[in-house]
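What follows is a single structure, written as structure tokens, with notes after it.
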Amino acid sequence: MLNFESDYTTGAHPEILKRLMETNMESQTGYGFDDYCISAAEKIKKECADEKAQVEFLTGGTQTNQVVIATMTMNGDGIIAAQTGHINGHEAGAIETVGRKVFGLEHKNGKISASQVRAFTDNYYADANHEHMVRPAMVYISHPTEYGTLYTLDELEDLSAVCREKNLKLFLDGARLGYGLMSLQTDVTIKDIARLTDVFYIGGTKVGALCGEAVVFTHNNKPERFLARKKQLGALLAKGRLLGVQFDTLFTDGLYYRIAKNAIDRAEELKTLLKNKGYTFFMDSPTNQQFVAVDNKKYEELKKKVRVGFWETIDENHTAIRFATSWSTTKEDIEALEAIL
Amino acid sequence: MLNFESDYTTGAHPEILKRLMETNMESQTGYGFDDYCISAAEKIKKECADEKAQVEFLTGGTQTNQVVIATMTMNGDGIIAAQTGHINGHEAGAIETVGRKVFGLEHKNGKISASQVRAFTDNYYADANHEHMVRPAMVYISHPTEYGTLYTLDELEDLSAVCREKNLKLFLDGARLGYGLMSLQTDVTIKDIARLTDVFYIGGTKVGALCGEAVVFTHNNKPERFLARKKQLGALLAKGRLLGVQFDTLFTDGLYYRIAKNAIDRAEELKTLLKNKGYTFFMDSPTNQQFVAVDNKKYEELKKKVRVGFWETIDENHTAIRFATSWSTTKEDIEALEAIL
Amino acid sequence: MLNFESDYTTGAHPEILKRLMETNMESQTGYGFDDYCISAAEKIKKECADEKAQVEFLTGGTQTNQVVIATMTMNGDGIIAAQTGHINGHEAGAIETVGRKVFGLEHKNGKISASQVRAFTDNYYADANHEHMVRPAMVYISHPTEYGTLYTLDELEDLSAVCREKNLKLFLDGARLGYGLMSLQTDVTIKDIARLTDVFYIGGTKVGALCGEAVVFTHNNKPERFLARKKQLGALLAKGRLLGVQFDTLFTDGLYYRIAKNAIDRAEELKTLLKNKGYTFFMDSPTNQQFVAVDNKKYEELKKKVRVGFWETIDENHTAIRFATSWSTTKEDIEALEAIL
Amino acid sequence: MLNFESDYTTGAHPEILKRLMETNMESQTGYGFDDYCISAAEKIKKECADEKAQVEFLTGGTQTNQVVIATMTMNGDGIIAAQTGHINGHEAGAIETVGRKVFGLEHKNGKISASQVRAFTDNYYADANHEHMVRPAMVYISHPTEYGTLYTLDELEDLSAVCREKNLKLFLDGARLGYGLMSLQTDVTIKDIARLTDVFYIGGTKVGALCGEAVVFTHNNKPERFLARKKQLGALLAKGRLLGVQFDTLFTDGLYYRIAKNAIDRAEELKTLLKNKGYTFFMDSPTNQQFVAVDNKKYEELKKKVRVGFWETIDENHTAIRFATSWSTTKEDIEALEAIL
């Protein structure tokens, strides 16, 4: 069945599988010390224009959030995030499992602002009893957000400035980073992100890899004994080459950007299509996820012909649903969808 | 200086010290197996009219919240509480340290309602992705709340019913329970609490003891291997007699109630006094904590003559402050305060 | 350079890569609900002849040990293992990170016995203060062990019996299970293991997969809410198909056994070779890892021509080294080694 | 019944109760900021002759070990201790609960040596795979040990030197420190301990207090945000005065030493008595705990007349038992015991 349910329903970009095949019989060192992890890290550092950056590869998004937060903050610390942030609502307690609290702030289209962060932190320090309270130690944002929206460069600059002022780490979850970078409506580059955050990651799982996220500790921020701590959290892959080869391929000849661009192009077509068909947008998204509000009858009809994501119940008779394009969505898929909508 | 800052500024009720003195040279078994822990537990069970209840003694409030939550829920579980609940804001991450998430719901005078709990839980189970989310496993309320307010019997019955229906444990934090039970405006008894909750505790630290909270696991709810788990969390006192003697004394001849009653009587006098002096109440509290809004000049003046609790900043020019009475507040203290206000 | 350093230096068996390629563009559900995970689980259940078994896929060995132990025992519990057990010495604290203690018993060629387990457990329960001690709750064994040795069926039967008697879970780490099952000197089948343990896993990473371990919860033992708990520990893979396809392939037409057999055949040739060349065996191993003691000069010479594993320092002048064969070791590799030794 | 079972069977030294009584109605700040905590800390710093020392008060021994280890080492770190160390065998997993591993080294009368520590640590760093292993980060010793034995000054100097060389924290558990300092056979002073360790504690619970341990972070070693982290672990007492008054009293006019001296004097009398009666010593102890081996018939007889501590089963017919004296043991107790032995 036609499938627009999520951006991780197919396998890997063929170029990646090809490279896995080609390098398969090579004998490589384990645990991330293989030639491909090293090469991929170098390529990513170049992309970031941050010579002091350190790149580490992990397997999935929740794992990455857990490992980054556990190693860059102290037990009992608090992480400021949007109420809708992935770590707040959709990681089954992975952050609390490592002893951190998530402060879920009111969001605006999935985003939080520098002034919210400032107010929250000021409020903490102004409280005479703040030593008895959870200390805000990090700001977690995602880009694109859960709603597909993007921070502007100005917004990121402001968040970065307030974080430095208030001694907060700035962590950007880029599970769908490619789609953000290739959006037609963004002024943010990967170099900006590397410059403005303390740590971020480049999502592979949702952008063409079988699995894998590349964590970039900017400005020499990698926590000490990172390998051991990764292992303590069950996150050290024996055949690190699996991650290395994938990211090395993704960052050769701009493959990562090209395949993300495909998703954006298809999403733009999809957007036009939805508009033309008279659908009501639940949210204006500049990336690969498109949200529309449909009445439940329509929803039931659609479900028979195409897989889409349930997003939320709007009211008794309406539901918000999500269409996601990806590196593997084709023009034919869009045409097939047109016939259905 | 005159001190209305909190209800734990003095030592223990003299009767307690007397009993500690009298029993001091007795040779007693450690770890809660002494005669006094056993006797106190029996007396408390009788008060609760719950033959299957099990009583355990711990040292302080945050410790008790941590131990109860860690032993009655699973790692990664979520605890529903008021946004203002002590576990949400004032325990420095003790709940997250044991791997649980606190869901801070909007409060009404420090309280949450059965319908909020129902809506929150229904929402969780209705979400198609709820297996990826933190499961609500417990409802935490305090009685009196952080604002000195009280649940009515009807409200407690409703909370209890929704908890049973939704498979949630109901935990009542009674750090100031005595003041709640002796309020002139309550219809809730300790027997009601024992009947309606899965676990609650009777606060000693804030009601006349040097330290100590008596946890009541109602209806045979005590978690297996509780002694070992208490010890794992650093909460097992070697000379358990220190807790046993105090609670045995507090529950002999109704001492716990009598000394709580004193705080209530003084609070009523204080309330009248504040009204007569024209103070604006920030919150209507039926227990031993009284909150008024003052302008900052007045606040500065007051601070020179009496210690009061800072509660929160209302606006640039106004502050909410707290006056707390306790078992040790005297009529003379109230008269002295009258001269100052 | 010729490489006998470990059994995970090459990629995946070509048959696996082929299947990944063939299934790549299929649209599949995430998180282990894809067709391949379902199919692989069925095939493994059949191998085990345990209809009530439940099969779950995880990414790596340490992660699997952590997830299994965290979900099948309680916080503060103790795990009985050989002093040399992987969880005791080589997981950087992953077991302690989830709050469990490892009891490292004296080993005999990497193994522990039922009588040791009995004595240890009896000793615990005999101690009048055992409630203040860590409770033994699980026995962890590996098969093959860290030294490549194997339990006999009788030994496993005895371990299983003592575990049932003493209320201990029996967990078998099968990171190299294939090599154990195909050893020429074993009387243990996978059906025996399924019958005798409470949980075990079938290693993929070291037996031909890119990554992945198949956990078998025997006799309906899967812990409740396993998906959420896996996620809490950062161990839930979005594209579960990556694991599903690999194990489905490994358990089609006996591929898992066939490729393990290759490692055993090459190891037997290697053994003969080492004997003929006059090497002293450090340990008699019936599986794919062969350990010899060499003087340090020889070691230095060898290192120039072939990569081998450092095992341990025997004395000032001698070192124990490991040669590992795998599914990808060829007769040509053995011949090339012959020229070097 | 006559009771030599442990050193914490009676309440507090009367001088302490008297001071609690005298200060009871004073209004004091909570959480360790009261006058008595401040004064006690000053007195202890003077005793230690360490101006940069920081003193913190906690409630009990296991709690103290947990808080110190959790705040002075990193998650996943390892603590070197004697196999018989309290943290290894008798804290129900409190150390693992905060994610640390205990390395239990072979002991000699409850002690470990600098050369053992050196060998263990060298072995760790020599292992090519040590990043995959638990890092030794701290040495934990107790003084007196579980067997009542004492380190000599030379032994402590050596341990301290190896710890500094190997980047290990040295932590001395002084749950019974008073009895060690007042032993007739020691050359170690509290100043030596302050000079040589990174952190140690002065036990109150077992030396005359109702509860309480005074942690001394030597040389400005107190971990940052200690108050919050104490609270996260449920270890912050609201009425800190309870601890402050007790330690202030114990460190006024040498009360701590005087009452410890009583225990030592009685232990010496007890020792003579046991020798004269022909008892076989299981262990030669220079402090307040005396261990003898008795045949089981004798043990049964004794138990009818005096409470003693079970120590361990020696063989089928013999048991090691412990007699403990304390600050409250009288000459009359010894005489009464003489009639029984």
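Residue numbering begins at 1 within each chain, and the chains themselves are lettered A, B, C and D in the order written.
The rule is short, and it goes like this: a contact is a pair of C-beta atoms (placed from the backbone, for glycine too) under 8 Å apart; a residue touches a chain by one contact, two chains touch by 3 or more.
It should be emphasised that the depicted structure is a prediction, and the values quoted were computed from it without experimental measurement.
Look at the CA centroids: the one farthest from the centroid of chain B belongs to C. For chain pairs B-D and A-D, the one joined by more C-beta pairs in contact is B-D. The distance from the centre of chain A to the centre of chain B, with each centre set as the mean of the Cα atoms, comes to 42 Å.
With centres set at the average Cα position, the gap from chain B to chain D is 33 Å. Computed centre separation for the pair chain A/chain D is 50 angstrom, with centres defined by C-alpha atoms. Multi-chain contact residues, meaning those touching two or more other chains, occur in chain B at positions 75-76, 91-94, 97, 99, 131-132, 228-229, 231-232.
Across the interface of their complex, chain C is touched by residues 1, 3, 6, 8-12, 14, 17, 20-21, 23-30, 59-63, 66-67, 91-94, 97, 205-206, 210-211, 228-229, 231-239, 241-242, 307, 328 of chain A. Remark: chain D residues 70, 74-76, 99, 131-132, 135, 225, 227-229, 231-232 touch chain A in the complex.
Taken together, the chain A residues at the contact with chain B in this complex read 75-78, 89-94, 96-97, 99-102, 126, 128-129, 131-134, 310, 313.
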